[in-house]
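Okay, handing you the structure first.
Order of writing sets the labels: A, B, C and D. Residues in every chain begin at 1.
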């Protein structure tokens, strides 16, 4: 939905991906506009995660195009895409287990702050300033999700829900233009689901653009402005939560005939 | 038959027997990787243990055991050694990173080699059988019966292993573990036990290789080193964990060596076989017979 | 603080080492013979052989010379130059040996030369056949290094012409070590000069299991003779497979393919070594009494390394020590060296006298295997040859 | 990562002084040679650990850079008329470039396949050195490498022969290695190394290009080891194919894994134990070599079984308790 005639932030057009003869995605197209919160839903194996991986550069596209801020980012390496301002989380919660919570966060920012290897080897004044700034930012984010008391603990000692929060704030570290969250509410307690929901909403309220893949329908319906539904790798519906709730095709895909 | 043709046939036969030798050692190595995701750098040293077992059995004073029985005893003893190694060293680190596992098996290799050196000195031990002396001569091509036995047994072992993996309870469980370890744990297959038995089978196969091959050369503490490297190359070329692929790759290596060593240069044959191995890795990191998997 | 403690820890460890090294100083009464050889790795058999030979030699000397007990100190040079430097320094500076017995592995021998020279310790090589150290010894600069065995250049001039008498086409086969390479390097130009056609040339790494691809090629090349430079360890396997493939050629050997050990390795089929003609500086049967003595003592037959180690320790080093004590009053590195230089002794391997390059010229020996037995049939006078630059 | 605290300044001053004065207390060439061997292994293992311990790429082919570095000096330096510094730089450059280029090819493969692929490369290199007889002398070695000569501004030159002089010649390389190791491992780059080691996929998602850091560690390590090989060639004055041996790889693994991978203190400890223990076993215990090797093997297995993070983890635990920062650990429990 164009807002005030703005350019879409992310344009996905006719994305197609095959695995060993199986079609995981076929001609999927949708746009995300700045400040929007878009959810991607669909039954198991509908291609949500594949789409996530295609957009973030972890999988090569067989056909189609992904544009970010008007620039073609199809088949660009994942690290380059990340530096262009797209950050993602993973379904199976990935944190750097042997790093402390604070180091996890600081790692997320450093590539954005400088690219000069020599400066880093020398540890110049500028690098030390970056280091200082990164620490400030990290502590701010840890305060936000109440993880500050654990800042010096190795990530592997955290509880699952805490690691999920850590991964979430890690994605926020460089203040990216687009945040992609892969099942932020999966596998955590009800209380944690609510906290996660609040954080996502608050973030969106600040004007952040967010793309969410989520299984938990309650969460999806609560937070989304717009929803895209996938089934067997095809887009079968797109609309507001209320439109999707009443869509026949969606019901069929979820509950069968 | 012109002499060139006879020589060519002989080179092919050389390649087949060399390949059969590599294949027998490779089978066990590939099996362990498939089931336990473990690269056993001590596999060749278990082969060496089999060699010394053969030596001891052939030289038992007062007893003259028939060769087939000796082979069987060697297989059983190496399988037990394999089991012990698994219990003592491998078992506790089964869930550690591949780095730790690799270093641990290298540690086993150091221990076994030096134990052999202390127990038997570095003097090569001879383990001839009546078959290694019997030579068949057909149209200018001479080959010992022992080599023919190796060829036949390798094929039997390969087919037997196929049958075992596809038809028996244990074999099916092994296959299941190699395909999805987590799922097996969930459905209640005892993964640890399967890994242990696989280790024993793998060691037994190395013992079989030793009982068949050692009569053609000799037994020394360091005899396992080069064969481990060759077998590793075959396992990777075959596609990690693909037992069939590794088997074919072993024959491929044997053939390359025999033909290059026979027609071009013997001393550079390993440069060529390892060179081909490394080049194939660059082009097909998943091996010749392995499938490429996505993220 | 904690890092300082770590530094302390490191220093303590290092002090313990240096302390233990100082502790190892001797009180100068026993005479120490250092054995410098590979004791581990693929050629550990060389070191083992040397240890056998030196041990039995010291026993035969009664464990002492003129009242001074003899002590054998072993250092493992691992047959590589890096460990060789450590091992030779260990012998000279820590164990403070009076004389060094060395053998095998020219890489280790070459690496030790400077340390021996600087450490002013006499060293006697018993089986190192690489010609490359000849020029540096004696008048070449290193007066401390001696060599009893002839090198390959010295032997090749005698043996090659013998081979050429019944050979037009020759195949060269050698182990891929300094021993094998060194020998072929010495023989090849002489064969070419004598007009022989070299039809194949192969080098095999130690421990090679399958020789068939090369043997098939050798058979196809139809040589009259093979020159095989191997020890009995790999040589027995090589010969076994050579008979299997059916190479029909005369076998000349410049290794140890006719030794009792070779026969032991091939005892299941005594025809394997039949007719091999071997040229060496040691032969079983040269000294049958000692061969029997050795077999009785260690329950394993004598071999070139075992035998040479014995003769050099018992006669050359033993006599030099004895003369040093008798003529100079005490056996020091200097007096032993001086007596070594003056050595003139009849031994079962011939008259040992060193030339101005500290090189001795024992017999060349010829032996063969006949009816499954080693037959020593002749000795050959060896003479100095031009070693070039 | 932590700022330069007073204790660490004290440590480094102590370390430098210790390394400078140590040989003055060692009176024999044997002990100084032993010290050179220890320092050699420290440099070798630190350079190896840059990749293996920090980036997580365990190459079993690292001795290639050592052996070829030595051959480059032995074969090319005389032809170019280089002095000691020149020849070390030449080997360093050559091996750095070789590591970088081969890294581009080898990092296409990962983990076990990478380890075995690099092992294959080591075997090829050694076979070539052994069989390219006309160039390298094969098993008869490249002999007569000249002893180091240092040209001083073309005016005069110093030649080096004594072990103690060699030691001081090696020392700058030790300091350089430690400096590179520290700067790479304990800076923001070290954090990227750790990210690549722990989870390559997540590192990618954070904008870290794993290839770049793998290559950086590999090339830096390769260059340092190349320089070390150059020193070795001029110290032993002989280069043999055994300098490319698999046994060196085993030694590296023993040092790094027994000491503690990814830790300067661990690697230092491992290298010292590895080089000092055999001397003690030999001089005091008179333990035969095969038994020594057996002891190493058993130690390696015991450490892996009971101290998977190496001996350093014990020291770390003791220090942590002293420091009183154990509260974090107890929080976690």
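Operating definition for what follows: a residue touches a chain if its C-beta (ideal position, glycine included) is under 8 Å from a C-beta of that chain, and two chains touch if they have at least 3 such contacts.
Being a predicted model, the structure only gives us computed values, none of them experimental.
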Starting at subunit A, find the fewest moves between touching chains needed to arrive at subunit C.
2
Figure out the least number of contact steps between subunit B and subunit D, where 1 means they touch directly.
1
When the mean CA coordinate of each chain is compared with the mean CA coordinate of the whole protein, which chain is closest?
D
Which chains share more C-beta contacts than any other pair?
C-D
Most remote chain, CA-based centroid, reference being subunit B:
A
Based only on mean CA positions, could you tell me how far subunit A sits from subunit B in angstrom?
48
Approximate Å spacing (C-alpha centroids) for the pair subunit B, subunit C
36
Go ahead and note the Å separation of the Cα centroids belonging to subunit A and subunit D.
41
Of all residues in subunit C, which are in touch with two or more distinct other chains?
40-41, 44, 176, 203, 205
Mind pulling the residue numbers of subunit A that touch at least two other chains?
58
Listed in rising order, subunit B residues that touch 2 or more other chains are 117, 225, 267, 295
Tell me, which parts of subunit B touch subunit C in their complex?
3, 7, 10-11, 14-15, 17-18, 21, 117, 121-124, 126, 128, 132-133, 135, 137, 142-144, 213, 216-218, 220, 222-223, 225-227, 257-259, 261-263, 266-267, 269
So in the complex, which bits of subunit B are touching subunit D?
39, 89, 92-93, 96, 98-100, 102-104, 106-111, 113-115, 117-118, 225, 229, 232-233, 236, 240, 267-268, 270-271, 274-275, 277-278, 281-282, 285, 295
Which bits of subunit A are touching subunit D when the two form their complex?
56-58, 77-80, 82-83, 87-88, 90, 94-99, 103, 106-108, 110-112, 117, 120-123, 127, 130-131, 150, 152-154, 157, 170, 174
Residue ranges of subunit D in contact with subunit B within the complex
52, 56, 58, 105, 108-113, 115-117, 119-121, 123-124, 127-128, 131, 201, 246, 250, 253, 257, 290-291, 293-294, 296-298, 300-301, 304-305, 308
Where on subunit C does subunit D make contact in their complex?
1-4, 6-7, 10-11, 13-14, 16-18, 20-21, 23-24, 39-41, 44, 74, 76, 78-82, 85-86, 89-90, 92-94, 106-107, 110-111, 114-115, 118-119, 130, 132, 176-178, 180-182, 185, 203, 205
